[in-house]
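In what comes next, chain A is part of two complexes: it sits with chain B in the first one and with chain C in the second one.
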Partner chain A sequence: MLHYTCKRIALALLVAITVSFLSFMLVRVSGDPAYALAGENATAKEIAFVREKYGLDRPIMVQYLDWALKALHGDLGQSPYFRENVSAIIGHRLKVTMTLGASALLFALTLSIPLGVLAAIRPNTWIDRVALGISVLGQAMPSFWFGLILILFFGVTLRWFPVSGSSSWRHFVLPTIALGYYATPAFMRLTRSGMMDVLSSDYIRTARAKGLLSGSVLFKHALRNAIIPVVSVVAVQLGFMLGGSVVIESVFAVNGFGLLAYESIARADLPMVQAIVLILSLIYVLLTLFADVLNALLDPRIRVA
Partner chain B sequence: MSHLLEVKDLQVDLAIPAGILNAVRNVSFSLSRGETLALVGESGCGKSLTAMAIMNLLPGQARRQAAVLSFEGDDLRHFSQKQMADIRGRQMAMIFQESMMLLNPCYTIGNQLEEALLRHQKVPRRQARDRAVYLLEKVGITAAGSRLKQYPHQLSGGLRQRVMISMALMCGPALIIADEPTTALDVTIQAQILSLLADLQQEFNMGMIMITHDLGVVSRIAEQVVVMYCGQIIESAPTRELFSRPLHPYTQGLLACIPIPGRSKRGQHLGSIPGTVPTPIGRLQGCIFRNRCPLAMEACAEQTVILQEIDDRRSYRCLLSPDRAGYNWLEYDEHE
Partner chain C sequence: MVEITKKIAALVTLVLCLVVFSGTPILANKANDTLNFAWKKELETLDRYFNTAREGMIVSRLICDDLLYRNPDTNEYQPLLAKSYRWIDTTTLEFELRQGITFHNGEKFDADDVVYTINFVSNPDNKILVQRNVNWIQKAEKLGPYKVRILLKKPFPAALEYLAGNLPIYPNEYYAKVGPEGFGRQPVGTGPYRVAEVDPGKKIVFVKNDNYFKDSPKGQPSIGKLVQRTIPEMTTQVAELMTGGLDWIYMVPTDQADKLSRVPNVKVLKAETMRIGFLQMDAAGRCGDSPFSKRAVRQAINYAIDREAIAKNLVGGQSRVINSACYPSQFGCTQEVTTYPYNPAKAKKLLAEAGYPQGFSVDFYGYRNRPYAEAIVGYLKAVGIKAKLKYLKYSALREKTFANKTPFMFLTWGSYGINDISNITGYFFRFGKQDFSRDAQVRDWLELGDNSIDRQVRLDAYTKALKKIADEAYWVPLFTWVANYAYSNELDFTAQPDAVPRFFLSKWK
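Moving on to the complex of A and B:
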C-alpha cells in the first residue's frame, strides 16, 4: 500500500510540474503580456517600459523558473486589476467555491447512490423508471438553464431562497442543487450498472449459498464492489464541477473562484488567469490522487500485487 | 430408513420472451446420508436448475413446483426466504464451478470463511478462525494460518476451489451439492479435488449431489446416477449397472461418446449422437428424445412416455422393453 501510494504521489508531482509549465506557457502563447498589461492605448515606449519592469524581456525559461519558485512559496504575483496579491484573493474565493463544490458533490451522491442501488435491485419497475427519468433530465438540461429555473421557482415565485450572493448557507442551496444535479446522472447510471453487474456475479451467488441475508449480500458483498468505478468517476466529475462552477457562479452571482476566473479572463488579468489555471489543475491532480488511493483501499487487487 | 433429501415431481418453469420454458419436469430422486448421487446431462438439461431449486436460489424469472421436497424431514416447499437462508450454508451447502469471481475479490479468504460460520452460529471470531484453519488444512492447504490473510486473486484456481470446499464445510452440513466442481480445473487437479470430495463426504457422513456432464467423474464418485435430458430424467440407475447395462438409447449414446478401458478398441471411432436438443417450450407430447433416437417408432410421437421402474433403484423413460432397448451407437456413427 505504501509503495503504491508513493508511486501515485510521485506521478502526481510530475503531472503538477507539467501542468504548471503548460499553464504558464499557454498564457504567453495567447498574446504578448506586456501589451495586455500596458493597456490598449499604450505607446511603444510604454510597452517597452512595462516589459522591462515586469522582467518580460528575459528568456522565457528564466521567467518560468522565477514564477514557479515564487509560486512554491505561495507568491503568485500581483494582479494589475486588483492591485493586490493574487494568492490572497484566490484563497478567499477558493473557500467559497470549495464549499459549493463539496455540498454539490454530497447532494449528488446522496441522490444518486441510493437511487442507483434501488434501480439495480428492482430493474424495470417504477423506481427504475424514475431514476432513469431523473438522470436523462439531468443529462439533457444545460446547468445554467436549470439554475435559472430554480431561481424563478424557488427564488422568485416561492421566495424560499435568495437568488444571488454567497453570504449565508441559504445562498448556497440553489447553486448546490444546480451544480450537484449536473453530476447526478453519471453517478446514478454507473451505480446502477455496476450494481447489476455485481449482483449477477458468481461471488454473490456464493454469498447467498452461504445463507447470508439480503442486507449483508447487498451492502457487504455487492455495494463494496460496485462502488469502486464510481469513486474514480467522482474525482473526474468533481473536476468538471469546478469547471461547471464558472457557469453556476455567474448565474447565482456567487462570489467564488469560477466567477473570478470568468471575470479575470474578460479583464485580461494575466497573473490571475495563470494562477487560476494552475490551482484548478492542481486541485484536479490532487483529486485524482485521492481517488486512486481510495480505490486501492477499497480494492485489494490494486493494493496487493 | 428415512431419506436425507427427497424430491418428487420437481418442476421448474422459466419465463422467457418466447413463452414458458419447462426447464425441469417431473424430476424425482432421493438421497441418504453418506450417499453420492450424480446428476448427469448435457449443458442446458436442467441439472443445475434442479440444484438451485433445492437450494431455493433460482433466478427471479423461475418458478418452482414439487409434489415432495423434503430435507431432514422438513417440507421445504413452504419455507420462507428467511427460513431457507437459515438452512443454506448450515445444513445444505453448495460448491460451484471454479471461476475467477467465485469468491468476493474485496475480502480476505479468512473473512469469507469465518462469515460462513458466524452467520449461523453465535461463536467468537477466534473460534471461527480456528475452524477455518482446521478445514483449510483438511482440504490440503499448507500454511493455512497465513492463507487467511490472502485475497482470492492471490490464489490459483485449484486453491480457490479448495477454499470453496472448506467454506461449504464450515457449519458441517448434512448435504453438499457440487455443481461441476472440477470442470474449470486442470486434469491433475480435477482428480485431486474429486478424491478430496469423496474422502470428506465419507468422513463427515454427508449426502452429496454431484452435478456433472463428465461420465468419468460419475464412475469414480457416485453410487447412484440420474441421467437428465431436456429437463427430464431419462434414466436412473446404480453407477455400476448404468455403465454395464445402460437401458435408454440416450444413455447408451452418451457412453459411446467416451472411451472405456478394455471395451474401446485402438483406432476405433468414438460415437456421437446426431442432432441437437429440442427446446422444451409449450405442451410436449411423446418422447423428448425421439428426434435423435435411431430406434424411434411411431408410438414414440403419440404416447406419453413414463418412467418405467425395474426396481426401486432402476428406472428409464423409454417405450421399449429393457431387452430390446439396446443399440450399438458405434455402428450408427460409422453409417452416417
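Moving on to the complex of A and C:
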C-alpha cells in the first residue's frame, strides 16, 4: 500500500509540474503579453518598459524557473492588474467557489443517489426511464443555458430567488442547482449499475432469505457496497466543478475563482492566470490522488494492478 | 418503499414552502431612494489615475471634482473647484479657487490640494496609467491659499478639456497618508457623492453628499443612494432589470435592447457616443507594395460601402454617418469635406482606372463589432475586392500594426470622451505608429492646430488637414457608435456622447 501511494504521489507531482509548465508556455505563445499589459494605445516605449519591468525580455525558461522557485516558497507574485498580492485575492475568491462547489456536489448526490437506487430496484419501468431522462438532460444541456433558464423561471417569472449575487444563502440556490445538475448523470448511472450488480448478488439473496426488511437490505447491505465507485468519482467531479464553475459564476455574478480565471485571461493578468492554473491543477491532482488511494483501500485488487 | 417516497415528498414540500415564504418582497427602488445599477467591468482600483476604464471615470466624477466642468449641453467650460481661470500666456493657466469647500473626510479644500494632486500625477515617477492626461503639465505652483498656476511644457490648447473631467483633485493630506492603494479602496473627494462601502469586484455604495457646495455647475445630487454592482453576464443584468433588482444598465447589445424596449416599466435609449468607426488603409506603403497606395483605390473603397445602410440597420438608434476623421462635436471637427456617397458603379470604374478591373484580394483586420465588418466585406465583394476578414484581440492587432502587417483595418476610436480633435487625428495622422498615411502636409497642419491656443488658427489648420484627409481618401470614415441604455421608467436619465453617465444629474420622476 505504501509503495502504491508513493508511486501515485510521484505521478501526481509530475502532472502538476507539467500542467504548470504548459500553462506558462501557452499564455506566452498566444502573443506578446507586454502589449496586453501596457494597456490600450500604449506607445512602443511604454510597452518596452512593461516588458522590462515584468522580466518578459528574459529567456522563457529563466522566467519559468524564476516563477516556479518563488511559487514553491508560496510567493505567487503581484497581479499587475489589481496591484495586489495574487495569493490574497485567490484566497478570498477560492472560498466562494469552494462553497459553491461543495453545495453543488451535495445537491448532485442528494438528487442522483435516490434516483439511481429507484432506477435500480425498478429497472426498465417508467421510473427507470424518468431517471434516465433526467440524467441525459443534465449531461446534454449546456450549464450556461440551464443557468439562464433557472434565472428566467425562478428569478424572473416566479421571483423565488434573487437573480444574481452572492450575499446570502438564497443567492447560492440557483447556481448550486445549475452547477450540480451537470454532475448528476455520472453519479446516477454509477449508483444504478452498482446497485443492480449488488442486488443480483448471492449475499443479498441470502439477506432476503433470512427475512430481513427490504429497506434494511437495500440501505444497509446493498447501497453500502454499490456506492464505492461513486465515492471515488465524487473526488474527480468536485475537481470538474471547481474548474467548471467559470460559466456559472459569470452567469450568476458570483464573484469566485472561476470568474477570476476567466477575466484574468481576458486582461492578460499573467501571474494571476498562472497561479490559478497551478492551484486548480493541484486541487485536481490532490483529489484524484485521494480517489486513487481511497479506491486502493477499498479494493485491494487495484493495489496489485 | 412507499414510506420513503412519502418522506421525500414531505421534505421537498417543506423546503419549497420555506423558500417561498422567506422570499423578501422586492421594494420599488424609487420608494427607498436607491438607484441600483450594474456594469460588467470589475474595477481594479477606485483611484482614477490608476485605472483606464470608462467605469473609473464614472466613479471619479461622482466622488471627485475637477478644476473645471464641461457643460454637457453647451460644451462650454465652467469653473468647478476653480472660481475663475485665465490664460496668462500660452503656457500658463491661472486659477482662483473656491473657498469653503470640504472633502468628504472633513479635510479643507485649498491650493495645497490642487498643487499636490497636479504635481503628483504629472511626475512620471508616480507612473499614473494614462500619461496622455498629464504629460503636457510641467508643474503646479501655489500663489496664495486659494490661487494656483499650472505651467505647461508647451502650448497645449486641449488643456481645458483635460482639466474638465480627467484631472480630479484629491485631498493632499489623506492621499499622502494612504497612497494610491489606500485611496483605491476608500476614495475621498469633494464630489456630489461619497463612497460609503466598497466590496471589491462586487459592489460600491455611494451616498449623497449633503454638504455639496451649492453653486456647483454640476448641480445638486438628487438621488439619496447609488448602489453599483458588477455583473459580468449581460443576460443576468437584463433579468435583474426586469425583476427590479436593478434600475439602470448600459452597453446592452442591440438585439437585447430591442426586446427590452417591449418590457413595461423599462425604457430603452440608444444614444450616440463619441466612438466612431473607420477603415484605415496603408496609403504610405508601410506593409510593402499594396493597392492602397493609389488614391483611386482608396476612393473606390469609400464609394463601395453603403454606410447609411449599416448605420441604420445594424447600429441603429442615433447612429449617423460621418464624413471626416473625427467625431462631429469635437473642437475643430468640420464635416465640410469631400464626401463619397454610396456608388458601387463609380467604385468599379475607379478600380478599373487604377489597374484593378477584376478587383484584388487583401487581408482585412478587425477587433470589434464583427457583424459590421462582415457587412463591409459584403459591400467590397460586390465591387470585386475580396477582403479576408481576420479578427484579433485588440492587443494582438496592435502588435501586428506596429510590425507593419496590417494594410487594411476596421478600427474604432472613442477619443476617451475628449471633445477635442487632437485626441483622434493626433494618433492617426501625426506620424505615430498608427499613422498609415504619413502625409507631411497633414502632419504639419495638425501640429499647428495642436500647439496653438488661438481658436481661429486651430480651426483653420484642422479644416485644411481634414479636407486633405478626405480628398486623399486616407480613411473611410464610417459612422458613430451608439450606447444602449435600459433603465426603469421611474428614472429621469440623460445620456451624453462620452457615454459617461452622470448620475448626479439623474432624479426620480
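The rule is short, and it goes like this: the second predicted complex is superposed on the first by the 261 of 305 C-alpha atoms of A that agree within 3 Å, B and C clash if a C-alpha of one lies under 4 Å from a C-alpha of the other, contacts with A are read in each partner's own complex, and residues count from 1 in each chain.
We take it that a residue touches a chain if its C-beta (ideal position, glycine included) is under 8 Å from a C-beta of that chain, and two chains touch if they have at least 3 such contacts.
What you see is a predicted model; the values in this text were computed from it and never measured.
Chemist: When the two structures are overlaid on chain A, which partner does A:Val173 contact: first (chain B), second (chain C), both, or neither?
Modeler: A:Val173: touches chain C, not chain B.
Chemist: Is A:Val285 in contact with chain B, with chain C, with both, or with neither (first, second, both, neither)?
Modeler: neither
Chemist: A:Ser164 contacts which: chain B (first), chain C (second), both, neither?
Modeler: Touch partner of A:Ser164: chain C, not chain B.
Chemist: With both complexes overlaid on chain A, does A:Tyr81 touch chain B (first), chain C (second), both or neither?
Modeler: second
Chemist: Under the stated touch criterion, name the partner, chain B or chain C, that contacts more residues in chain A.
Modeler: Greater contact footprint in residues on chain A: C.
Chemist: Quick check on the superposed pair: does A:Leu148 touch chain B, chain C, both, or neither? Answer first, second, both or neither.
Modeler: The second partner, chain C, only.
Chemist: Between chain B (first) and chain C (second), which, if any, makes contact with A:Gly211: first, second, both or neither?
Modeler: first
Chemist: Contact residues on chain A for chain C in the complex?
Modeler: The contact residues of chain A facing chain C are 31-32, 35-36, 39-41, 43-44, 46, 81-84, 114, 121, 148, 151-152, 155-156, 159-166, 170, 173, 214-215, 250-253, 255, 259, 263, 268.
Chemist: Applying the document's contact rule, which stretches of chain A touch chain B when the two form their complex?
Modeler: 201-203, 205-213, 216, 221, 224-225, 298-301, 304
Chemist: In the complex, go through chain B and note every residue touching chain A.
Modeler: Chain B reaches chain A through residues 55, 57, 82, 85-90, 93-94, 96, 99, 101-106, 108, 115-116, 119-120, 151, 153-154, 164, 167.
Chemist: Give the list of chain C residues in touch with chain A in this complex.
Modeler: Against chain A, chain C makes touches at 1, 3-4, 8, 19-20, 22-23, 26, 42, 44-45, 50, 52, 129, 131, 180-181, 184, 201-202, 229-233, 235-236, 239-240, 242-243, 245, 393-396, 398-399, 402, 427, 433.
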